[in-house]
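Shared between the two complexes below is chain A, which has chain B as its partner in the first and chain C in the second.
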Partner chain A sequence: MTRSQKLALVVDDSKVQCKMLSELLEEENYHVVIANDGASGVKKYSEHQPDLVLMDINMPIMDGFEATRRIKKLSGAGTLAPIIFITSMDNEQSFIKSVEAGGDSILVRPFTPLVFKAKVKAMQRISDLVGQVKSLQQEQQDDAELAEKMMSNVIEARNFALDKIGVIKKAAAIFSGDIQLSALCPNGDINVLLGDFTGHGLRSSIGAIPVTETFRAMTKKGFSILDIVAQINRHMHTLLPGDLFFAASFARISEHEKSAYIFNAGLPDGYLFDQKASIKKQFTSTHPPLGILPQLLPDAQFEVVQVMHTDRIVFITDGIVEARNQAGEFFGYSRFEQAAINGITQKNLVVSVLDSLDDFCQNCEQEDDISLVEVPCSGWQKVKVTNKVTIPEGFTEEDNHFGTTPNLSPTWSYHLHLTGRLLKTVNPIPLVMSQINDIEGAGEHWQSLYTILTELFINALDHGVLELYSSLKDSAEGFTQYFNERTKRLDNLADNAVSALDNFVRIELQYFPLAHGGKMIINIKDSGQGFEILDVIKDNSIAMNDGLKLSGRGIELVNQLCDTLEYQEKGTLVTASYIWHDLISLE
Partner chain B sequence: MANFNGIDFDVGVSNVLGDEALFKEILVMFYQDHYLDGDKLQSAIQEKDIDSVKHIVHTLKGVACSVGAIDLFEATKVFDLAVNDDKREDFDRLFSKLSPEINRVMKGIELLLDVS
Partner chain C sequence: MTVSSKFSADAKQFVIAIDQRFDFSLHQQFREAYNSVTNQGLKYILDLSQTEYMDSSALGMILLLKDHVQLYSGSLTISKPSETVNKILKIAQFQRLMTIE
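Take a look at the complex of A and B:
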């Protein structure tokens, strides 16, 4: 058989018919294999995998219908295995039965060689098309697998502290429409996202890259969780087609504040579990999925909860609760909760949930992507903040030796004066940090500066302009109350056009380069009434030592990070000096 | 051109794309496979072995058509319909029409080709 020759199998118990059909097929450049009954036809089909089968109906041992059924079963769904019935039974019944058995065509005697030739050609054309579709499908599958691998690398491999986060990710197709992200904030908090695009497969994963980029870039720059959610929502609204949207849960976990900020837009309830595997809290969706509305709802707000170091936050997608068994029942919330509780008790939530799902669904086809993240509420911070106030590394003699002293004029300075409504709508810290990065380049030491700026700005806004008492935050309930009150006062501030300019926070930065590092002088002034500086500091120190007080920790942290920290003008102006040294050159 | 009794030689040869030698070879095969069909069919009818009746008639019909034995084909076609409709009372009558056609075609082949 030459390379271009195709192979045909003729199944007929009449040698005369076999001989005559072979002659016609050879004329069409087929090599011919013959079988004289249905059973040996099936056997020869699997041996030779021919390009075409001509099948008689009435045969001993096994008739043509049964042989056809078996051949079609052998060839599987992806291959055509074209079969033409050749018969002299010119009745409706045999025609219908041929098609039902899986025959692709039927040729009724008598027919001329020309009709035969046309029939074979037509069949071959269909068969070639199926072959092309199949090879295209294979190519597409290969491409998709490659693309998925690359996409997973871009998305998940760059996640922060993957080893600490428990993850379930079972895609229903090659591409998952679910996405799991984690990234470290400049102040050591961690941001986590679990999202679910409508549907599954490639179509539903197109939004994954823009979501990832936005989430990472904004987290790195220190934007708040609500800023990030709002930006992702805008992005998704612009980018995604009308029928695609993005349900997602976000968490920002602050280890040093012992708090978590949660935002659930359209996912099933998230959970806060304690060490004993009890459900401390559930986070219900408070917002439609992202990408539907051009902007977040005006009252969109995250939920704030106090967390213990031993707590963990768990987010799931609907693929888990809506997984179905053979009987069509949903896995549901109670089965999930039980599996999660057992899992925490056995110290492996992921395995427990997966096992429980597998037991429930058995071998049912997975209909949707299944995802879960389990995030511990501690273990993120690289630098431990101790209760003991340490003396910061300040200005050294060496700095003098190399010429530049901090007493000279700054090489640059920066002022930002925010008033009224802008205090609610603008988060100045990423802006400021971005300026610093633009002028001085990126560096590890900016992380501490970020923390200092954030703490001092929040203090000026919350305690100065908004006149909130941090003592409210002493209890877990108070914490939530504090944030609700804060939101209310910010809203009032934004709505009050009359005295808008009277309410302000001013941030001033002055930068002095040192021989082996630099010094940043930070001034933050607010329009508030001020406070008794000494009382607060003293109060906090005692509280810190007793390990009682939840608030005030921020200032202690800032104090540790700064060279000097001074309150003036009745506490309405704070001046911090932050010095860092290039560690390599000091060695 | 050979004149086979009961066979339209032109139709038969054109069915193997004009190859006369091959067609003669096929006629010999046809003879060898079917020259006893008359006897076989008669016993099957007598023994009321409907499966065999059906198989003999149906196969002969297809082959007769292929080799261009037009009258034989027409006779088997009528018989085949009767078998499918389970009209057993017609079998003897139809056999009496079919049997001479079989004999005629077989004799024609015997006369002109070496069928031993």
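Take a look at the complex of A and C:
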């Protein structure tokens, strides 16, 4: 049998009929196999996998209806093995029965050879179409699986600390429209994102890679969560068509500050659970999903909460609360909350929520992507506060005599002077860090420098320019109050065009290379009235011992990271020197 | 599940109403309901009082309607959403983008 020759199976107990049908089929270039009863017809079908079956109805051992039912069962749902009943029973009942048994057509005797051949051609045309659809489907499936593999390599494989973050991800199609990201900030904070593109499948995943790249790159450079959200929003607005958008929740968790910054744009409430599994706080959506507006709304603001080390933050997408059971009921918030609470008590939130969802939905078809992230508020990479950077071991006076005389003039210096409105709109730290990276290259030791710069800049802005008292942050309520007040004062600062230039923060860096490392002198001057930094530190070190105090931790940290730290001019000028030792060159 | 639409008697308002579930299956119907309406300065009312459920693709469809409305300098109001539907609109903060009453 050549490839182009099709195979037909004729099932008929009359040898004469078989011979006649075979001849007609051979004229149509079919190769023919013959069976004389239903049972051997089924057997020959599975042996030969023919392209066409002609079936008599009344036969010994097994009739044509039963044989057809078995053949259809064998050939499965995706393939069409067209079966034509050949009968002389010209009545309604046999017609209906043959279709019910799975027959694709019926031909009533007597018929002319031309009618028979036309019928065979028509059937073949349909089965060719089915074959084409099937192979297209397969191709599409293969493409989607390949793309899915590439996508998960870009997205999930590179997430930070996957072992510590609980994740549920059940896609409704191969491609999930949901995305889960985590990345480490330069100062040891962690950024987490859970997002949901409208719809699911390939169409909804086009934004996933740009979102991922933006989130990772900006986190690494130390941009604030609002900067990242604003950038992703701009990106999605230009990229996505009008009816596609991106609902997402963001969290930045700072272990050393014991705080979390949350922004929810269009997802169901996020949760803060404590150790005992009670809900401490819910984070309601405060902004339309990203990609709808060209820019974030002017009042877009993240929420700041105090967190304990034993707390955890949980974000979910609407696929969880809108999952439905047989009766069409929604899983809903209260079932979710109960499952989460049970889960935390049993120390496995993910499993508990999944079990509860499965119990509820049974085997109902999943309509939307289901995702969740569960992020503990501690246990992230520690900022090395214990590794006090004075002069590292093996670092001698000799180092200072290599190359230039470092104490006299720096090899480069840099300054940035921000005034008025820019103090609200520009985050200078990523700019400064990017300068340092451009000139000196990337390095581990910049992590500590990032922390020092951030803390000192925030102090200059908050306590200097904005005249906020950090003692406000001593209580949980005050903490929120502090951030609200801060936002208000920044707005006033931005709106005040008259004395814009009077309000400033100036950051100055001087770099001194050492033979096996380097030294950075940081000067930050602000336009404020000054504040008594010593009191803050003293207060703080007493409080640190009973673990109560929430404010002033920043300075304590900086103090430990720096070689020297000195406040002058009533606290309006701070000079810090940071020395690091290049460990590799010691080897 | 149907989309119905009609002009008010004075032809100043154009009301689109959605039954039961407002989801992706109505995509075509919903678009056809307003696509040929090109009157300037028309007040569009999207009546969701009979809508029991709405998914996120419906939100996308509303955004497309909003683009259409703006193209012809009209206004868009979402009218009487049920509690379930309102919750979804609230999560998406659509009250910041259009009038909901």
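The rule is short, and it goes like this: the second predicted complex is superposed on the first by the 461 of 587 C-alpha atoms of A that agree within 3 Å, B and C clash if a C-alpha of one lies under 4 Å from a C-alpha of the other, contacts with A are read in each partner's own complex, and residues count from 1 in each chain.
Quick note on the criterion: a residue touches a chain if its C-beta (ideal position, glycine included) is under 8 Å from a C-beta of that chain, and two chains touch if they have at least 3 such contacts.
Note that this is a predicted model, so its numbers are computed, not measured.
By the document's definition of touching, neither partner reaches A:Asn325: not chain B, not chain C. Contact with chain B, but none with chain C, is seen for A:Met20 once the two complexes are overlaid on the shared chain. Applying the stated contact rule after C-alpha superposition, one finds that A:Ser527 touches neither chain B nor chain C. Of the two partner chains, chain C is the only one that A:Pro268 touches; chain B does not reach it. When the shared chain is aligned, no partner comes close enough to touch A:Ser40: not chain B, not chain C. Applying the stated contact rule after C-alpha superposition, one finds that A:Pro110 touches chain B and leaves chain C untouched. By the touch criterion defined above, A:Gln338 reaches neither chain B nor chain C.
Remark: chain B residues 14-17, 19, 22, 25-26, 29-30, 33, 54-55, 58-59, 61-63, 65-67, 73, 77, 80, 84 touch chain A in the complex. Here chain C touches chain A in the complex through residues 24, 55-57, 59-61, 63-64, 67, 88, 90-94, 96-97, going by the rule given at the top. On the chain A side of its complex with chain B, the touching residues are 13-17, 19-20, 23-24, 27, 56, 58, 60, 87-89, 91, 109-110, 112-113. Those residues of chain A whose C-beta lies close enough to touch chain C in the complex are 196, 198-199, 242-245, 247, 265-268, 285-289, 292-293, 297, 318, 322, 368.
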